[in-house]
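Look for chain A in each of the two complexes below; its partner is chain B in the first and chain C in the second.
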Partner chain A sequence: MARRLKDWLEVRIGLDDLIRTQLTEYRVPNTINLLSTLGFVVLAGYIIQVVSGIFLLIYYVPHPEHAFRSVQSIMSSVPYGWLFRQIHVVGSNLLIAALILHMLTVFLMGNYKRPREMTWISGAVLLLLALVFGLSGYLLPWSQLSYWATTVATSFPTAFPFFGDFVTKVLRGGENVSGITLGRFFALHIAILPPIFLSLMVFHIFLVRRIGISATPFGVEDEEKRPLAQYIKKTYPDGNPFYPYFFQKEMLMVMVYCTVMFFIITFMPTLFLPEAANTPADPFKTPAHIGPEWYFLAQYQMLRLIPNKFLGISLQIILVGLFLSWPFLDTYKEKNLRKRPVLRGIFLLLLAIWVVLMFWGR
Partner chain B sequence: MRHLFILLMMLFTLPSIASGGWREEMEKAFMSAPWAGGQGESDVCIECHSSEMMKPAFLAVVDEWKTSWHFQNNISCHDCHGGDPKDSAIAMSPQRGFLGTPKYLQVPEFCGKCHIGILKNYLESGHGKALKASGKGPNCVTCHGAHNIQKANIDIINEQRCSKCHSYERAKIMKQALFLTEKKIGELESSFGRLKKQGVFTEEGERTLFSTQAEFRTLFHTVDVSLVKERSDDFTRKLSLIEKEIQDTFVELRFRKNFSTFMMLLFAGMSVVTLLLLKTPRD
Partner chain C sequence: MKRRKFLKAVLAIFGLTSLVSFAYPLLRFLAPPSGEARIKKLVIEKVEVPIGGSKNIVFNDMPAIVINTPERGLIAFSRVCTHLGCLIEYEKDKHQLLCPCHAGTYDLEGNVVSGPPPKPLPRLPLKVEGENIVIG
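Let's look at the complex of A and B:
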């Protein structure tokens, strides 16, 4: 039966050719390591989010009067609803963590350098989209935690004179976070962002395959030869076949990702769902201590520390601009960060500041 | 490209420094916003009663209220005393329902606006009848206090308090009759606390417990020991149902933990197997 199905597909799509060119004969550099599998981990994480999200969508009611109850019903009445919600909640945080780690390793290995500028930009936009995914999904349970964290996060644009208030009003659909905000964030979370994210991810993978996977610079010479005047696909005739060698490494990391996810669900089930996540949203009752999600804490703390609000938000936009356009700003040939002490110093300083601000903002 | 970026950065940053405000403005607009932990709407009752112009006796009222059970449950001055807390000009206007301080005899009706069931039973009790007959019987404040009112518990019945008016013997029998049911209520409350810490939504269960408790305490205000003893079995049955639900939830939580542990071990095992199967071209 399997043989007949394979033959049927072979005639119609050239399955053998596809497997040969894309898996067994597609070679990756010998120097590639586990850090290069993080992109695949993000892809797997996204699939987990989509599947668990679809299950939640069956029972979730996007209305201020029913949203909280429907989520609690998923947690207590729907068979294994708790499992899908925990996977979705913990998975969303792990996905963002994996994306940040992926960007960091790409930066450390200098794999953003030309001709991979577009690969970097698409990856950076994917990270920003993942943050918007997180923000929009955070409001949906309509709990005290989600309501007030969203109030804080959507107030960031008010730092802008002239059009800041307008941006916040557009995000919220009014002066305050309300049922209209819930509707907007729900549409954003389940209908607008997923196809954009998926398309960008496909484009990102296409670029990785089209240009050729980048070799790690540790211990090898800079692979790019100047000038780059025409398209050259980077191939590794002496490299290892993608399947099974690299694919196994990717699968190993996905298993580790799932192990970490279930470790958190088992031993720290309230890490992302504290008591305020089990209290219905009350617009008239401001909690004493509120803050946004961990991945917005550094930005939040930065805004609180800088006395000039507009300067604070401007600095953040400049940092995002720097992050997106970094491949065009760093035009040195050398990929190995160990041979670039100044850049290494700045990177470590920024990383330390980010971590300190994040913990300070809690 | 780099020069263009630096130029854009300058264009962006310079006007921001020029047009922005300073720390005070920032704190007013951002840090003191209600969502940043600041106070929301002002309450003129609190403002005046905290100001220096207030008599010392009235000055302590706000601090006492802040330690109370009412404060913890968002019951503010105007909820009991009436008036308009948003406008100082009409805050104490009778047209706005301002009642002021009730006279000793009026206290039960004053508290009974909210505690309706308790008022009825109190008025039928020896305490209520004594107040009505002589104007000297105990009212709500005698046992519960006024602005620093705490969450009611069985320890309110004690020799020091009760023997101010009569011998403690009768009150002691009442306390014994209440003890087991009150103990069970306390245990269930702490169980709900533990469930909350484990991320369980307990509002519905807590509401049932609260209404059972309120009903029981309403009954106590009759100060009728035989009636309390007679009805205790009903309350014990109701509390047992709540206890069963709590126990079922703990069982469910244990199952969840075991299930996710199994999943974690499954993936950890698959990680180890994949690691062992990792191939290199030399294999």
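Let's look at the complex of A and C:
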């Protein structure tokens, strides 16, 4: 049966040729390591989010009077509803963690350098979109945590004169976070963001394949040092075949990702669902202890420390701008971080500040 | 003008027109719908706010608070923190208003004492009519 299906496809789309050129004869550098599999892990994580999200949609009701109860019902009444919600909640956090790790490893290996500027930017925008995904999904359970985190987040534009208040009103659909906001965030989360995220991910993968995967800079001559006068696809004729060699590594890391996810679901089920996440939203009572998800904690703490709201939010926007345009700012050709003490120092300092702010923000 | 150039120009005009005629309705569609008619006044009884006490109210969809201080008498504020929109709470013992999100504090005049709020709390007009407190 499988043979017949394969033959059926072969005469129609040239399956053998497709497998040969895209998998078995597509070669990756010999020096490639497990860290290079993180992009694939993100792809797998995104697929898990889409599938679990579709399952949740079957029972979720996007209305302020029903949203909280429908989520509680998913957790307690729907058979295995708790499992799919936990996969979605824990998965969203792990996806962002995998994205951050992916960006960090790309940074450490200098793989953002020319000709891969667009690959970096598309990856950075994917990270930002994932954060927007997290924020928009946060409101949907209509809990105290989600309501007030959204109130704070949608207040950010008010720091800017002239248009700030209008932007906040557009985001909320009114003066306050309400049922209209829930409808907007629901549409954003399930209908607007997914196709954008998917398209950008396809573009990112296209760039990786079109430009050629980047080798680790340690002990290998960098192709980035040559003059960039014309398009040359980076290939590795002596490298290992993508399939099965690298694909197996990627799948191994996906298994590690799933193991971490199920470990958290089993042994730390409340890690991402604190008490305020199980209390229905009360628009007239801000909880005493409220904080965003871990990936927004550093920014949250920064806003606490900088007394001027405009300055605090402007600084964050500038940092995002620097992050996006980094390949154009660091034009030094050396990729190896061991030979770049200044960059190494800046990186460690920024990482330390981020970690300190994150823990302080708790 | 050659036919190809003409077609390009027509395409550009039609494309731009379509874009603009779509952009305006989209902006209007996303802009907040106009609110319902707002109440002008809210009346509560004086006994609901004893001296030293407070009462949380909702005035024109906005969470607000009426405080009866021994020194200044009755006073009403919006409870929406001017920093990032969390709701402030009255701390009776400390004679101040605290925002739980970023620890901004206000005095009982609504002025910022500490923390990141950029401006004072909006004060609501209030007057006492007999046994009633009229806000607005």
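Keep this in mind: the second predicted complex is superposed on the first by the 361 of 362 C-alpha atoms of A that agree within 3 Å, B and C clash if a C-alpha of one lies under 4 Å from a C-alpha of the other, contacts with A are read in each partner's own complex, and residues count from 1 in each chain.
Following the convention adopted for this analysis, a residue touches a chain if its C-beta (ideal position, glycine included) is under 8 Å from a C-beta of that chain, and two chains touch if they have at least 3 such contacts.
Keep in mind that this is a model prediction, so the values were computed, not measured.
Undergrad: Here chain A is shared; do chain B and chain C fit on it together or clash?
TA: Here chain B and chain C cannot both sit on chain A without a clash.
Undergrad: Give one of first, second, both or neither to describe whether A:304 is in contact with chain B, with chain C, with both, or with none.
TA: both
Undergrad: Looking at A:2, would you say it contacts chain B, chain C, both, or neither? Reply first, second, both or neither.
TA: A:2: touches no partner chain.
Undergrad: By the touch definition at the top of the document, which applies to A:172: first (chain B), second (chain C), both, or neither?
TA: Touch status of A:172: second partner only.
Undergrad: Under the stated touch criterion, which partner chain does A:151 make contact with: chain B (first), chain C (second), both, or neither?
TA: In the superposed model, A:151 contacts both chain B and chain C.
Undergrad: Who does A:342 touch here: chain B (first), chain C (second), both, or neither?
TA: neither
Undergrad: Can you tell me whether chain B or chain C touches more residues on chain A?
TA: Of chain B and chain C, more residues of chain A lie in contact with B.
Undergrad: Report for A:290: first if it touches chain B alone, second if chain C alone, otherwise both or neither.
TA: Both chain B and chain C are touched by A:290.
Undergrad: Which partner does A:11 contact after superposing on A: first (chain B), second (chain C), both, neither?
TA: In the superposition, A:11 contacts neither chain B nor chain C.
Undergrad: If the two structures are placed on top of each other, which part of chain B overlaps chain C: 3-11, 21-29, 165-173 or 183-191?
TA: Of the candidate stretches of chain B, chain C runs into 21-29.
Undergrad: Could you give the residue numbers on chain A that contact chain B in one complex and chain C in the other?
TA: In chain A, positions 148, 151-152, 155, 158, 285-286, 288-290, 303-304, 306-310 sit in both the chain B and chain C interfaces.
Undergrad: Can you check the complex and tell me which residues of chain B touch chain A?
TA: 1-2, 5, 8-9, 12-13, 16-17, 19-23, 25-26, 29-31, 33-37, 40, 74, 196-203, 256-257, 259-261, 263-264, 267-268, 270-271, 274-275, 277-281
Undergrad: Residue numbers of chain C touching chain A in their complex, please.
TA: Within the complex, chain C contacts chain A at residues 30-33, 35, 56, 58, 61-63, 83-87, 89, 99-103, 115-116, 118.
Undergrad: For chain A, which residues count as touching chain B in their complex?
TA: Contacts found on chain A: 72, 75-76, 82-83, 86, 148, 151-152, 155, 158-159, 161, 240, 244-245, 248-249, 251-252, 255-256, 258-259, 262-263, 265-266, 269-270, 273-275, 277-278, 280, 285-286, 288-290, 303-304, 306-311, 314-315, 317-318, 321-322, 325, 328-329, 331.
Undergrad: Under the stated contact criterion, what part of chain A meets chain C in this complex?
TA: Per the touch definition, chain A meets chain C at residues 148, 151-152, 154-156, 158, 166, 169-170, 172-176, 180, 283-290, 303-304, 306-310, 312.
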